[in-house]
Every structure is written in structure tokens, then in C-alpha cells.
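The structure follows.
Labels run A, B, C and D following the written order; every chain starts at residue 1.
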Amino acid sequence: MHDMIEAGIIGGAGYTGLELLRLLLMHPQVRISVVTSRRYKGKRVSDVNPHLERFTELEYEDIDTREIADRSDVVFLAVPHGSAMDYVPELLNAGARVIDLSADYRLDRREYERIYKRRHKDTEHRNAVYGLTELHPEVADAALVANPGCYPTGAILAVAPIVRSGMAKRVVFDAKSGISGAGADPSEKSHFPNLAENIIPYELTAHRHVAEMRKELPQVKVCFTPHVIPSIRGILTTAHIFLAEGEERMTEQEIEELYRQFYDGKRFIRLRKGKDIPSLGAVRGTNFCDIGFEVEEDSDRIVIISAIDNLVKGGSGQAIQNMNVMFGLDEWQGLWHPGLVP
Amino acid sequence: MHDMIEAGIIGGAGYTGLELLRLLLMHPQVRISVVTSRRYKGKRVSDVNPHLERFTELEYEDIDTREIADRSDVVFLAVPHGSAMDYVPELLNAGARVIDLSADYRLDRREYERIYKRRHKDTEHRNAVYGLTELHPEVADAALVANPGCYPTGAILAVAPIVRSGMAKRVVFDAKSGISGAGADPSEKSHFPNLAENIIPYELTAHRHVAEMRKELPQVKVCFTPHVIPSIRGILTTAHIFLAEGEERMTEQEIEELYRQFYDGKRFIRLRKGKDIPSLGAVRGTNFCDIGFEVEEDSDRIVIISAIDNLVKGGSGQAIQNMNVMFGLDEWQGLWHPGLVP
Amino acid sequence: MHDMIEAGIIGGAGYTGLELLRLLLMHPQVRISVVTSRRYKGKRVSDVNPHLERFTELEYEDIDTREIADRSDVVFLAVPHGSAMDYVPELLNAGARVIDLSADYRLDRREYERIYKRRHKDTEHRNAVYGLTELHPEVADAALVANPGCYPTGAILAVAPIVRSGMAKRVVFDAKSGISGAGADPSEKSHFPNLAENIIPYELTAHRHVAEMRKELPQVKVCFTPHVIPSIRGILTTAHIFLAEGEERMTEQEIEELYRQFYDGKRFIRLRKGKDIPSLGAVRGTNFCDIGFEVEEDSDRIVIISAIDNLVKGGSGQAIQNMNVMFGLDEWQGLWHPGLVP
Amino acid sequence: MHDMIEAGIIGGAGYTGLELLRLLLMHPQVRISVVTSRRYKGKRVSDVNPHLERFTELEYEDIDTREIADRSDVVFLAVPHGSAMDYVPELLNAGARVIDLSADYRLDRREYERIYKRRHKDTEHRNAVYGLTELHPEVADAALVANPGCYPTGAILAVAPIVRSGMAKRVVFDAKSGISGAGADPSEKSHFPNLAENIIPYELTAHRHVAEMRKELPQVKVCFTPHVIPSIRGILTTAHIFLAEGEERMTEQEIEELYRQFYDGKRFIRLRKGKDIPSLGAVRGTNFCDIGFEVEEDSDRIVIISAIDNLVKGGSGQAIQNMNVMFGLDEWQGLWHPGLVP
């Protein structure tokens, strides 16, 4: 039996932090060593978040990065883009392993600075492993994992087997996300009368997450348009894949077989059979990525649908999956339960 | 001043029929001559539909087609695909003009039979005018108008100016519809626990409406994938347009100008400026089609967003717009009011 | 034929102001003389609110109260509680009639100061008529109308016939409101993830609106608990009425008859028959108040359900209804259209 | 360590059955011995319910009641009212313990026949223990447990401490339920366009569940009105409590203390402090009942709010809680996880 992993959470009051708490508090191999929040410093976590009442006596703290590292085997960074790089060097230097849920270490430095329009402060040019767990087994040995964006997770997993086979030339990702991806702070977009009875497309051609997709899918032209739907959780990605010139059309059964081999042994990838279509309900609250297929007749298009929970597989769940792999646990530990249906 | 137009409605208890009633009862130039329903024969329309209480004393009838024609200058067919063609010949022969909201006369005969998988019963091969009002001024003289499908309305209007200019080679329509498009009868898809907190893609590559889009947009390859969103009304269409080889990229301003000229004088088409994005709220309950643009940098893609109310511009409102044109009224008569915001 | 009424709107960017715009722009007897907004001064109303594009060329202004009065026959105050009383005296002195949609003149001075916890600044102790149009025909001659709160409108209309008959001793109003009642600014309560899949009770025993209810229903003990539901518009009020000792139970038919007489000639009150229950859909976007009844067997309880649109009959629509009465128009002018169903 | 409990589920395809599956499949002390469904006989449970893929290889069966009993230590009946009594006698005679989630054994025979308008077929007049676990510790020894209705669970737990203290004379329960309580089959009420942007009151004075409330709360007059809200899960109960003549008003702190003592050691009852109000989110997917209080000033009214998940504490979760108690496990086994927030 393993010793308990001591896990710290920096930024424990946003949705990402809350989801880490919800999952880690039930993880049989983890003890939360510290959870920070400037706003709620000194308050009981369960007073601020009544759904955690009876699950923890933790209080939010606001302490020195060094002390966080000292208390922790692994530290989750659930802070905004641009803030994570303030913590990473010191945490690593103090010997903690780090899982960064922000965008700060997902791209190479130049690309990051171009897209996020800020200088990268980490002068030692640390390398992170991109934590799309199914595609990057090297997270096992990583000191620093850059946890993927929510949209890239659903998008890349949806098409990797086809794209990496070299058959495709272009993918158009038309993604639909629950509003929790926009965070816990009220905004115009999250204002109920604006979102209910609506669907809000935004950053139609230039969402920052497209850079992660392109990095992981260099074989194809990638286009991406995100939308917010009137739902709390979930990302449904509609991937329109166009075959390269001269490629033969496959049947749904052949595609299913290709995917089955590609994702063999990956417990969080579930393939729908025939023309069955994934649903956000089946993955609600879980770390699964459900994938379905349809091939257009007399056409060069294949449509792939993937469904994930943006806060779990698209965020905190995948971070924990990475932690499991980093610490030699089964990847599904603390993450294994069915979706909340209905 | 015009005489009142005597308008009959066949199939007045479904959502399409109800929407015709809601709008025609307030139309200053129309008197409803008859409204039929087998299920509700003999019942007061306002007893079945409490929102119409105080607006009409009409009763649902179930009478002979010939009598409907005799009482009416124009007859709206709000019946399922496959049923409309049972009425059209007799109505036309009796001298009524007909606006068919079903799919029965939208395609040429062979295409219809292939796609709708039924024989067309109209032995005289009548021709209908496709009632996308902005693109088919010839509805003015039509005896029979085939009112467009809801998805084709939002899709075709979104891209016609670019596609007809010859600049594009392919369009991927990724459409998101409110559930009212599926009708008034409860179903698995409309069951609240299935649709809430979800978005349901369906007929991923082979929805029947794609045939209308291809007929109206012969210049490009057309792909189409529809989704149902947890909203009552509205269709938001995300059109991913790919430029033909060698075409120069336009700016958003140039596209806006192209559209402004193309839709000059069309009061129901509203163009958003710059990168402003249309919203379903702004068209809720109305006959407008709002359109916005974004050009992807360093790419051959343009994204166009259109927003319509599926039951109004995508159905009964456009039918009335066609009626207005057929009878020499201003096209906006009885259809001119702002969207229900919030 | 009347001359056009020149109507000014102070505070034209919140939901109340927007709803006044939506309705007054279509009113056949009204011209909007001025609409103010500090935030949007100088901007076209339709640039800020795309659903009004094509309906107005007005710009938001920020001008002197005196000038507003000079330009207007009537001024609508759509500003927060506590601000309206800054405008009322000058508007009245300059000869404009005023319809105040805030709470500032709904209660007598002492009650107002106790409940709203601020001093009333109007030193002349002006009297307003309480603008619950169906119960206060004296609005016809009023210079100043205090438009009722949204909750009191649905609550008082639901029970007035029974309460004023003296049969009841107590009413418990359990009200459920769409979130638009909380305004256009994002807040914790209006944050989609907080409200979706939830219902939020608040101010369980001490909502300020109860004072209006008690003033209009002095014959009974009034209790009130409001909730916000995951809907944009509408207030459904469940009124639990308890009969006074010794009162005989009535049948639903007798109650319906009592209501029919009480509301005779009131076009915006619609009574449901037998045990039919009102629905928010049937009143969506309209000025109607639909009312239904059920009598509990072997009990002293009657349950009355009323449904209104909080922004129309519960706000801007009733304000226009009052304007119509004040200026000798039919009370339904500019307000007569069926609910948006579905 | 206990042996695994062999648990059978009769009626495993409705929402109640699905929720039993979702929870029991993760229960560390339970093995599901059989799950029946006539409709899906022979199909893999996870083919019918994709969210259970990877969690079970079970197939739906349709077998003899006797065989179900032989294979099981305990049998859950998740069948409609009127059907459960067809199974209970044989199951008990064969030695299985039974937890009936229908209404068939909740009331005494005469009351049952009056309210459910059918004859009770169980000729041996078996007695069940009413399975409101916190109030009926005698479930520990029961052969037959009648699991409470969803509404009575939220209502009775909300007021039991006050009502049983003798202080109150009347309670008005105004309850708001997610639509999943109406089951997995599409209906008018669950049709998205009917429920979205609405709240549907029904059976205003005569819902059958009131009989359970009255049986458990004989000290007071009980009134009950249910509503369906546009949410999937959850019941929020607003309990308006009226004190008996001469009773002294308590403060919120005193009430909280009364509740704290009454529910001492009950892990699934969580009390909110001061005027904090429970939320459906905090109990989503869980077996908790969260309770909050507010005392009206200068009045005889206390308002108590309770929040439960109708399918868990209001159904299958409480059934499992009862099973735990019946088999000597900790009552929270297999039911201990935080709510899905956001």
C-alpha cells in the first residue's frame, strides 16, 4: 500500500479548485496538505462551500510558496493564466512536483508570448509535459505537467487516431461548452437572461486554445470555433474531418476499430458503437471522454463527436489522472464513478 | 386600402399552426377563414390554447378541402411531410393560392422521392416557388409556394452573398436549434432530463434539409450537421466558409459591404457590425435574420453566424412574409415588432 | 384621433427601460421624446440593444430634468429605488405627468422610510396613486402614479376578489419569479451555474414588497416568500388562502363566478375554468394576468395561482396601461398581443 | 468484514432503478444479483444506459419472482404503484428482505385504497416500516421497508423537530421538484417547451403524498402544493409553519439548536447556520437533506427550507441507506460523496 500523497492546491476557491477539492477529498490515496485562497483566508472551506460540509475541516490559507512546497508531494496550480509562472520555479526548486492547470506551460515560450500577449517570467525555460494523459505517458516521470485546456482535451482526443494515421487534411472543431468553463465570477456571458434560451459563439476564429490543438495535431489544418451553451457543465465537440486527397473512405466500423486499437487500455475513453452519439449526461461529473462517429456518404467528410465534463476530464479530473500516473497509482484511482444520469 | 385576405390554416394545432395563428390574428390585413384540426374538431381554439384567449372565437374544424378553398384566398398547409400533397392539387384547382410549410414541394420530384423515401402523389408535377423570400422575388406571382425548412433558411441566408459571388468552395454548416423545431408532441429528444444540461447532435451527416441547401447553393460543396440545444426557440447557424483556391481574403468590412449590397432593401436581414455576434434573444419571436462575420487570420476560412427564430423566419413568419408579397402588401406587414429581450 | 403622446424615459438601459422601449416604440399613440442613460450617453439605442435595430434612431441622452419635462407629456421613471424621488418634484412642477416604476411613492412616507431604510427627500409629501390599474381607476386623473412592484401585482390580483369579500383571514403568498426581476447587471444570483438546476428562495420572511401587499389587502394577515426560478421572465404566485372562522367553503365554480364579476370588463385578467392552471408561457411578453383556482376538500384552504410576465404586467406593461388610462386611451392600446407560446 | 450483500433490483430501467444501479455498483459491500426489465430483457445494462459502460457486465433479465428471491439477500422494488404488491408476498415468503420504493406499503390499507383508488392485493396485511431512516430506527429489524415518497422526505425532515415539539398548529408545504420525479417516459409535463421558462403547479390541494406527511406529522394541520421546476433533479421544500396559539416565538439560533439536538448523529442532515439558505446544487447527486430557517418578525410564522436530491435522499439513496441499516452497515456506506457543484 502506498503512503498517502500530500497534495497542495493553490487557488482553491474557483471552479477548478473546488473540483480538485470535491475529487481529492474522496481520493483514497491523497491527503490535502494545504488549500489557499486570498479572498477566503482563515475561513473554513465548508463554510464557503456548503456542499463540502462534513467532508473536510480544512481552512483556506494564504501562505508562502516555499511552505506550500514543503508540506506537499505535489501541488496543483488552479490560478489564472499569467499567475502560475509566479509559483512554478519555487515549487520545483523546493522539490515538489507540479500540475499546472493554467496555460502558462502548455506552449513553447515564443508561442505562449505571442498568444497570451504577456512575457513569460520563468527565466529557466522549464519544460513541462503536456498532460493529455492518454497521449503522453511521459507524464509518469514529469516534475512539471501542463494540464491541457478544456477545449483541446475534447478536440484532440476526438480526432487523434485519424489525424495521426495521416488520412486527414483538415479538421474543423465546432465546440459547445457549458458556462462553468468561464469561471465562478458573474459576467455578461454567465448572466442567466443572456445565456438561457440562447447559445453564444465567441472568438469565432481566434480562440487561444487552438494553439494547443495545432501543436498536438501537426498533421492537419485545424480550425476552431467555440460556443457557450445554456448548461453548467460539459463540452460537446463536433469535429468535421476532411480526408486527404486520394484517401479512401472508411466505414464507421473501420473507424471504430482504428479507435479501439489506438485507445486500447485507456479506461477513460469510451467508444460508442455504430451511429450511437455521445451525450453530456453520460459523462457528467466524470473523467470519461465518450466518442462517436459517422461517415458522410459520397463525401470526404467524417463527423466525430466527443463528450467530456469540462471541469473533470477537461480540467481537475485529468489533473488528478496525471497525478495518479506520476505517483504510480492506477490512473483511475479516485476518479471511477458513473455519470450523473439523469 | 386592401380588402382583408381570407386565410385558411390546415393543421392548426401543431407549433407551426399555432405560430400562424399567433401572427395572423394580429395581422391588420388578414381574416382567418378556417383553421382545421382533426384532434380538436369542434373545440374553441382558445380553450385548447389559453394564450389565444381573448384573441379569437374560432373553433377548430375538420372539413372538406374544397370548402376550405372556397372560403379562402390563401391556404397555409401546416401538416407533416407527405400529407401536404394530399391537399395541394385540390386547393389549387379550386383557385386558392397555397403556401406549403411542409417539405413536399421544396425539391424536384426525383430528389424528393429519394430523400423522403416516399412516392410523390401529385401526378401533375406542379412547380412551386421556393419561398426564401429575400432570394425569390418570384413568389409574388406564385400560385404555390414551398416554404423553406428552418435550417435551410438560416444557413442559406448566412452565406448566399459570398457563395453566389463565386469566392467559396466549401461550406460547413454547424447548426444549433431550439427544440420547438421537433414539434409539439413529447419525444425522447424533447424529454426535459434528456435535453437540459446537454446538446444533442443528430443525423450528423445526412439530415434531409441539406438537399435544400445544395439546391440553393450549387456553387459550393455543402456539409451540414444539426444539433438541438436546451432552448425552446431559435436557430443559430455557424457557417464555416472555405475560400476557393486563389481567392483573396476579404476583411470583415468588405464582407459587411458585400452583404449590405446583396441584402439592400431587405428589411428582415440585419447585419452586425465589425465583429459583433448575433444572438437568439434579439430575434426571439420575430421574422429577422441577424448576421455577423469574422475572417480568420492567415487562413482560408470565414465564419458567418446567423440567428433566426425557427418558428418565425424559419417557418410561419416567412410563410406570412410570402403571403404579403403574393398579395401585394409590404412584406413586413403583421411581422414588425422587436425581439423579446431579455 | 388623439395627438401623439410625447413620452420620456429616464433610465432607458435597464430591463425596465428596455421593456418600455420595446412596447412604446410599437404603441400607435406614442412618440418617445427622450430616453436617458448616463452610461450610454450619445450612443444609438439600437447599437447598445441590437433587438431594437430598425425600430428607432433614438440616441441615449443625459440631460436636465427640466428639459425632459418640457419635451414630454408623460415621463416614465425607470431608475432604482431612492433615485426616483430626485426627479419627481421637478417633473411635476414643470407640468409633466409621471409614472414612477420605482418603489419611492408606493407607500406612505413613514412606512417607506422604515422599510427602505432611507429618508424620503420629497418635502412636499406628494401623493401618488397606486397604479394597480384594475383596482385603482383613479389613475385616470393622477399626476403621479406609483407603479406597483412585480410581486405585489401578481399577488394582489390573485386574491383581491376573495379577500375584499371578507371571507379570508390569512394568505400565504409563495411566489416564483424569473431572474430578469433582478435586473440587467450580473450577480451571484443571476450567475448561470448558481441558478440553473436550482430554485433560489430569498428574503424568506421580510421581502420589502410585502408592505404593498398588506396595504392593498388590509382585511387579512399576509405572509410572503419569494423564490427565483431558472427562467428569464414570469412570476407564478401560489396563494394559499385560509378562510375566516365560520366561512362556508365555496366551489371552484362559485369562486370563478365571484372573480368574473369582480374583474368584469378588465381585459387583462383572464380566468381559467374549472381546475385549469395558469402557465407562464401563456402570458410571456404580455400584460395579462391569468388566474386559476382549486378548493381543498374538507379544509379551510383555497389555492389560487396567478401568472404574469414580471417585466410587462409586473412592470413596464402596467406602466403603459396606466399611461393609456391617464390619457383617455383604451387601456390595452399598444399592449394587445398573444403570449409567445411555445 | 461483511460478506457482500446480494441485492436484486426489480424494475431496473426507470429513473429509480437506474439510480439504484448508479449507487449500488459503487457500493463496497454490495453485489447486484439480478436486475430485471421486461422491455430490455436480454440486453446489456450498459448498452441501454451508456453512462454505466465499464461499470457492469450485467444484463437485464425477466425471471420468476421466486428466483429473484433465491438469488438475493435484499430486493429493491422499483416498479409503479400497484405493481409492487404483486411481488412483496412471494419475496418475503422466500426469505428475502424487501425495500419497496413504490407507495404500496406506505399507508395503512384503508387509507391506501382510498387514496390510490385501487384494492390492496396483499391479503396478509403485512406491515412495513416507513423508511424515513432518520425517524424510524426500527428499519434495522424490518423484513419489509416502505421507502418514503420524494415529497414527504423533504417535507417531513424539514419540520419534524418543531412539529414533534408540539409548538406548531399548521404547516403549508409549498414544494418545487425537478422533473425527473415524473419518470423516464416523455410526457406533456416533461416536454421541454412546456417546462422551460415555466414552473408547473399541479394537484394543487390533493397530491397523494400528503397522506404520508399527515401520518408522520399528526400534531399539525398539513397542507401541500407541489410544483415542477425546469430542473432535472432536486426538491426544494418551502415549509411555512404557524405556531400554536400562545407559543412563544423562537430565534433562529434556538431553532437551530432544537434541530441540532433532534438530528444529533444523523450524518445526512446538514443544518445551515443563521439565515443561510439551502441550495439544490449542494445536494445534487447526494443523500443529504440540507435545512435552513428564518423566523418572521412580529408574526406566528417560521419558514423552513429543505433541499434534497429527489432521486437520492428522495428515493434510491434513502433505500440504500435503509439497506445499510438493515444489514448492520454504517448508514452512509456507498452514499458518501459531496454534491456536484457547480
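Quick note on the criterion: a residue touches a chain if its C-beta (ideal position, glycine included) is under 8 Å from a C-beta of that chain, and two chains touch if they have at least 3 such contacts.
Computed from a prediction, not measured in an experiment: that's the story for all the values here.
Trainee: Identify the chains adjacent to both subunit C and subunit D in the sense defined at the top.
Mentor: Chains touching both subunit C and subunit D: A, B.
Trainee: Count the C-beta contact pairs for A-C and for A-D, then tell me which is higher.
Mentor: Between the two chain pairs, A-D has more contacting C-beta pairs.
Trainee: Just curious, how far off is subunit D from subunit A if you go by their C-alpha centres, in Å?
Mentor: Computed value for the inter-centroid distance: 35 Å.
Trainee: Centroid from C-alpha atoms only, then distance subunit A to subunit B, rounded to Å. What do you get?
Mentor: 39
Trainee: Taking each chain's centre as its mean C-alpha position, how far apart are subunit A and subunit C in Å?
Mentor: So the centroids are 46 Å from each other.
Trainee: Residues of subunit C that touch two or more other chains: which are they?
Mentor: Touching at least two other chains: 15, 180, 184, 193, 196-197, 230-233, 279, 281, 284, 342.
Trainee: Tell me, which parts of subunit C touch subunit D in their complex?
Mentor: Checking each residue of subunit C against subunit D gives 172, 174, 176, 178, 193-194, 196-202, 204-206, 223, 225, 227, 229-234, 236, 238, 240, 275, 277, 279-281, 284, 294-297, 299, 301, 303, 305, 342.
Trainee: Show me the residue ranges of subunit A that touch subunit C in the complex, using the header's touch definition.
Mentor: So the residues of subunit A touching subunit C come out as 15, 179-180, 184-188, 190-193, 195-197, 230-232.
Trainee: Which bits of subunit A are touching subunit D when the two form their complex?
Mentor: 15, 18, 22, 25-26, 49-55, 180, 184, 196-197, 232-233, 267, 270, 272, 276, 278-279, 281-285, 290, 311, 336-342
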